[in-house]
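First comes the structure, then the notes that go with it.
A, B and C label the chains in the order they appear, each numbered from 1.
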Amino acid sequence: MSTHEKMIPPPAVLLLAAGQGKRMKSVLPKVLHEICGEPLLIPILRSIDSAFGTDAVSVNVGIIVGHGREKVEAAVRSAVKEDPTLRHLKVDFILQAEQKGTGHAVHSAMESTWGSLRLKEKANVLVLPGDSPLIPPALVGEIGRPLEKNTAIRLLTCDVPDPRGYGRVLRLGFKAAGKVKRIVEEKDASPRERKITEVAASIYLFQSTFLANFLPKLTTKNAQGEYYLTDLIEWAGKGTAASRTKVSTLAWANAEDLRGVNDLWELSLAERALQLRLIERHARNGVRFLDPSSVAIEASVVIGERVRIERGAILRGHTTIGNDVEIGSNVVLKNMRIGNSVELKTGSYCLDSVVESGAKIGPYAHLRPDSLVGKGAKIGNFVELKKSKIGENTSIAHLSYVGDAAIGARVNIGCGFITCNFDGRSKKGSRKHETVIEDDAFIGSDCQTVAPVKVGRGAYVASGSTITLDVEAGSLAIARSRQENKIGYAKKFRPE
Amino acid sequence: MSTHEKMIPPPAVLLLAAGQGKRMKSVLPKVLHEICGEPLLIPILRSIDSAFGTDAVSVNVGIIVGHGREKVEAAVRSAVKEDPTLRHLKVDFILQAEQKGTGHAVHSAMESTWGSLRLKEKANVLVLPGDSPLIPPALVGEIGRPLEKNTAIRLLTCDVPDPRGYGRVLRLGFKAAGKVKRIVEEKDASPRERKITEVAASIYLFQSTFLANFLPKLTTKNAQGEYYLTDLIEWAGKGTAASRTKVSTLAWANAEDLRGVNDLWELSLAERALQLRLIERHARNGVRFLDPSSVAIEASVVIGERVRIERGAILRGHTTIGNDVEIGSNVVLKNMRIGNSVELKTGSYCLDSVVESGAKIGPYAHLRPDSLVGKGAKIGNFVELKKSKIGENTSIAHLSYVGDAAIGARVNIGCGFITCNFDGRSKKGSRKHETVIEDDAFIGSDCQTVAPVKVGRGAYVASGSTITLDVEAGSLAIARSRQENKIGYAKKFRPE
Amino acid sequence: MSTHEKMIPPPAVLLLAAGQGKRMKSVLPKVLHEICGEPLLIPILRSIDSAFGTDAVSVNVGIIVGHGREKVEAAVRSAVKEDPTLRHLKVDFILQAEQKGTGHAVHSAMESTWGSLRLKEKANVLVLPGDSPLIPPALVGEIGRPLEKNTAIRLLTCDVPDPRGYGRVLRLGFKAAGKVKRIVEEKDASPRERKITEVAASIYLFQSTFLANFLPKLTTKNAQGEYYLTDLIEWAGKGTAASRTKVSTLAWANAEDLRGVNDLWELSLAERALQLRLIERHARNGVRFLDPSSVAIEASVVIGERVRIERGAILRGHTTIGNDVEIGSNVVLKNMRIGNSVELKTGSYCLDSVVESGAKIGPYAHLRPDSLVGKGAKIGNFVELKKSKIGENTSIAHLSYVGDAAIGARVNIGCGFITCNFDGRSKKGSRKHETVIEDDAFIGSDCQTVAPVKVGRGAYVASGSTITLDVEAGSLAIARSRQENKIGYAKKFRPE
């Protein structure tokens, strides 16, 4: 939608998000299940903002909540507050205490303070499902355009190869171009009606006066014993309202956009579709994916230029990736800040930490939270960092554990290094102690530092030493036994 | 099929499993190649059991074997014995010494003791291919319903976009609803016939008297010089038998169900299709898959409630997963028993072991066979267990090897711990020795225990110690050198 | 194409490879972006060779270069020199200094020395796009057959469901079988024309005299201001040339074959398609893929018989795999030579090295360049090799780093072994030193060897020793402290 078109006042939006989602087999309310790292109902909120919102125009969205309403409200409030792509939304919550069908949900909204405060007379009301995360901005924009004259309802329809589960669109004479008579739900449909492939997608634009007049007339005489919003179609089609009684339809070509989520299988399918769209966008912006369908990248991830991502990488949370970064196969990043020209090799597993420009990580390095790897530093294979700061151009190349440590710049740490940071006291009194190694120190292989301890600037620790005392700057520390060779003794241990 | 319908006596089933499968390029008989962790012919046996079997009715299945018959028989016998989903099958094996075509195979069966003992007069005989693992119970049930009156054969057909390789169904006047004249094999088909998209799927229900009369009349006058079972269609169609001579067809919509396996590419494709069906079932039961198409879960795996499975996980063999378990990316489990609320992090590789409730494993932990991780225990990154028992709430968090050990409860084992369990004697006399560490002991980092050795309850081993002697309960053991700092000596090692 | 057909002289081929590919968002020329491990324009060169080349007939290919011409020429020269599947190509490069459209490109070629030297009178000129790596040999062979009499152009067309972005084929009366009038580019097409689903694929065979006559007449009067090669169609269709003026078309069924690459998303999609074709070929040759769509295998990789490849494996560069090899999940191999009956377990990461027959690697082993693992040797979990030779039947089973070392046969190296090969001198003067361990030596766990150092044949090094001096053959070396147990002292460290 162009900026010009956005100047037309947007409709009021009602988002249906009260359902429990029994088939999800989870205590979580359905719309809070995660998809690409965020609650299921966030992507459609983003589409609404993108379709109608401008800095001048905020969009009035009433979210109908019920099951787990506190959690839903908290999740939406937090997202709207923090996510700039939702900044044009003005969100209210409307309680639907009991779930008696879509008609009841919209009726609850019209009767609520939202209905009286937010809804202007003769406004258009756009009703959208909260469990259809693939609905794109273009669809929201199209269905939300002002209603044609004398029209009470605009109905979104789609022709699908397998219409099972959907409400079918019944037209006069069973003809594609015939006037819409009504929607029949799967459970209420005759065999002949079930063969209809034009389905209704629970997406409607209503004229508000029409809603106010006819919602109270809905009944529960149907297979599910619920108030069906779709019954309104029939009445409008019959032209019983004096003015604006027509039903228009908007045919949508891409059925995938309408995919709803009712169980964890459908969630997985919707997630992959949404995921591929996110990845396609990154790829067209210049990210090289060696195998796009194998990676997972959450919506919140930001990726720079000329980045190369191998198969199986997983990028989650508030991760930002600089330019010219190489991400190896099966690398996992969560809430990571990665500088420019960083190389993250196969299988590295990195959480809540920072890697500065030019650093090399892995393969199979493990960065636990609150670590910082300085510019040009190297964290090699089978190395675990925890809550540690590693200075510029420092190298920890092999098989080490560095926890609660501050390591300076240009330090070389040999293989098998261990910071003994835990003093073994009982849980209650246990403490982790700090290790400090200053700039330009050299730590030989198989050394341990028993914290709290400090190795001074430029000091040298001999291989195989357990360091329990501070080492002065420039000193050599050694703590190992002299070697003894016993000639011919090997055979005692190897009798044959 | 409802229980009521199951009370109709099932047909006798003949499963064709004698072929070598040259294009598989393997010494293994074709039907023994694995698909989702079991031999290729097991899934169709399961469909047969599911379609017809009840605790009151066992299903008579004759399996025609030839190439590698001993191996095939052993594999089937073992599966039928151990797998409860096959418990209603009564399996016999029929030798087809030479493979001279499908007609010859069925003829061999009719002439065999199976034919005389198991086959009642005027029974129906269902012929199924042993190399089509995607045939579902519904298909088996439908094709196996009692034959209509005056009908000799029911033929399963399918309309496929690309009919290459299949036998085509020739109908009178080349019309879709025309009477079936005959089946023409690809190699014998004219160009016009090859354009027919209705194909026969080597799935038939025969009236047994018809078979007895006409099988002896088959010849080998065709492109492949084999006895074609499909030639029977033509004779039945011609009405040369006095009674029950008609051919009926059952059209099957889902071509994927009929996918046969003739080479390793087709095996891979069939396996992915079968795999996705298994995963869909788990997902609809409440398992959350972050990327269903990326995981492998064998048919024998059992998964509890509210389990979350990240991308790339591989679950093989007799693995059972409790409730509320988190399985990280690329975790490999084989024959594992996993309790409730266990967390298995990225890349952990676990074989033939037990992980009790509340334990945390990985990332990149390696559990070798015969290990047991107790409740609430933690096995961290780059830790290898082998044939060891780890007590409750014990922690082995980093870079360690624990083999042939019994570790008590609440033990804390530091980083870099090694059980030296191998005494280095020659292969012949070599022995692995046991390490015992009792409850509440604390082992500092970079310690080794030279087995056989025991560390008593609540003992404390100082970091950097090689323990060769038993440590009494409550004692402190230390075996390391005193540290010496040589002031200013570092520069000798770092000349610039 | 049969050998007989190959005896017909092939056309001269012009490959368009001058474009920058702005949408690739990269400094690399478009045709040098990698696909399955080689530059984008190599696969079509391979198809050209396969379609026309024989040992008797070399194929004359003019590659039109522009952006990054030096790099493109170097890459092609190197590929043609080293890759035997390109050996029948005789490649020349033609500079198109400015990119003014496809017509200009072909015109440049005709005017160049290539045009005068390589092009025989009345030859056929096959024009192919350099950015369409999925064009198969069969397509090249078909379009390249000698032109029919009185025909100036053979045009490849394809019926596609979504024709957006392609030039549409306009036929007389908008009929499928109508005479071709002209091609209209997307940007120049009317709404009605845009609905045409028959598209032109930038693949043409031209009669050279026709080209010579009409190329100079092209103009830039169109939406993009370029010389369109497609304008020639219109002129030929009009019959303005005295002889051979007809346009014939070759309809190609498989639209995927024509997939072009204009951005990194399209590159990813084309790569997956090409990758699956490579994998299908390996599978049909007898390689067992547990999940074909999850693996990456570059075109240069050679795989033996009865090889089993688990999900997520990545095989790159000049890797060769012997027979009966097992490749575990997520194993990464680059430029590796793997012998027979080798087992590579989950997550092993191996570069530029050799693994001899019967060896076992991993899980999670890391072979850095210039390593050699001898027959029957074992490199276990979390072991890193660098520039080292490991003798036959030697075992390095756990958590070790071996760099710059020569290890003999039948050596047993315990867990936690480290070669201290770096002496810690400044970058300028730093040196890596060698470690030698001779046949049948036994190295206990947690040992380090400070290089340069040598452990003699059959020597025994006690666990926990730091070896700084050579160990004579048959000697026992020990360098550790005596253990002291302090009765009751543990409570000092564990106050509760």
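Just so it is clear, contacts are C-beta pairs under 8 Å (C-beta built on N, C-alpha and C of every residue); 3 or more make two chains touch, one makes a residue touch a chain.
On a predicted model such as this, the values are computed, not experimentally measured, just so you know.
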Contact graph of the chains (line, ring, star, complete, other): complete
Cα-superposition angle relating the copies subunit C and subunit B, to nearest 5°: 120
Numbering shared by both copies at the subunit C-subunit A contact, with half separating same from different: different
Whole-Å gap separating subunit A and subunit C, where each centre is the average of the chain's CA atoms: 33
Residues of subunit A engaged with two or more neighbouring chains: 293-294, 312, 330, 347, 364, 382, 399, 416, 424, 442, 446, 460, 480-481, 493-494
Complex contacts: residues of subunit C adjacent to subunit A: 23-26, 263-265, 267-269, 271-272, 275, 293-294, 296, 312, 314, 330, 332, 347, 349, 364, 366, 382, 384, 399-401, 416, 418, 420, 422, 424, 440, 442, 446, 448, 450, 458-460, 465-469, 471-472, 474-481, 493-496
Sites on subunit B touched by subunit A in the complex: 280, 283-294, 305-306, 310-312, 329-330, 345-347, 363-364, 380-382, 398-399, 412, 414-416, 423-426, 428-429, 442, 444-446, 460, 463-464, 480-494
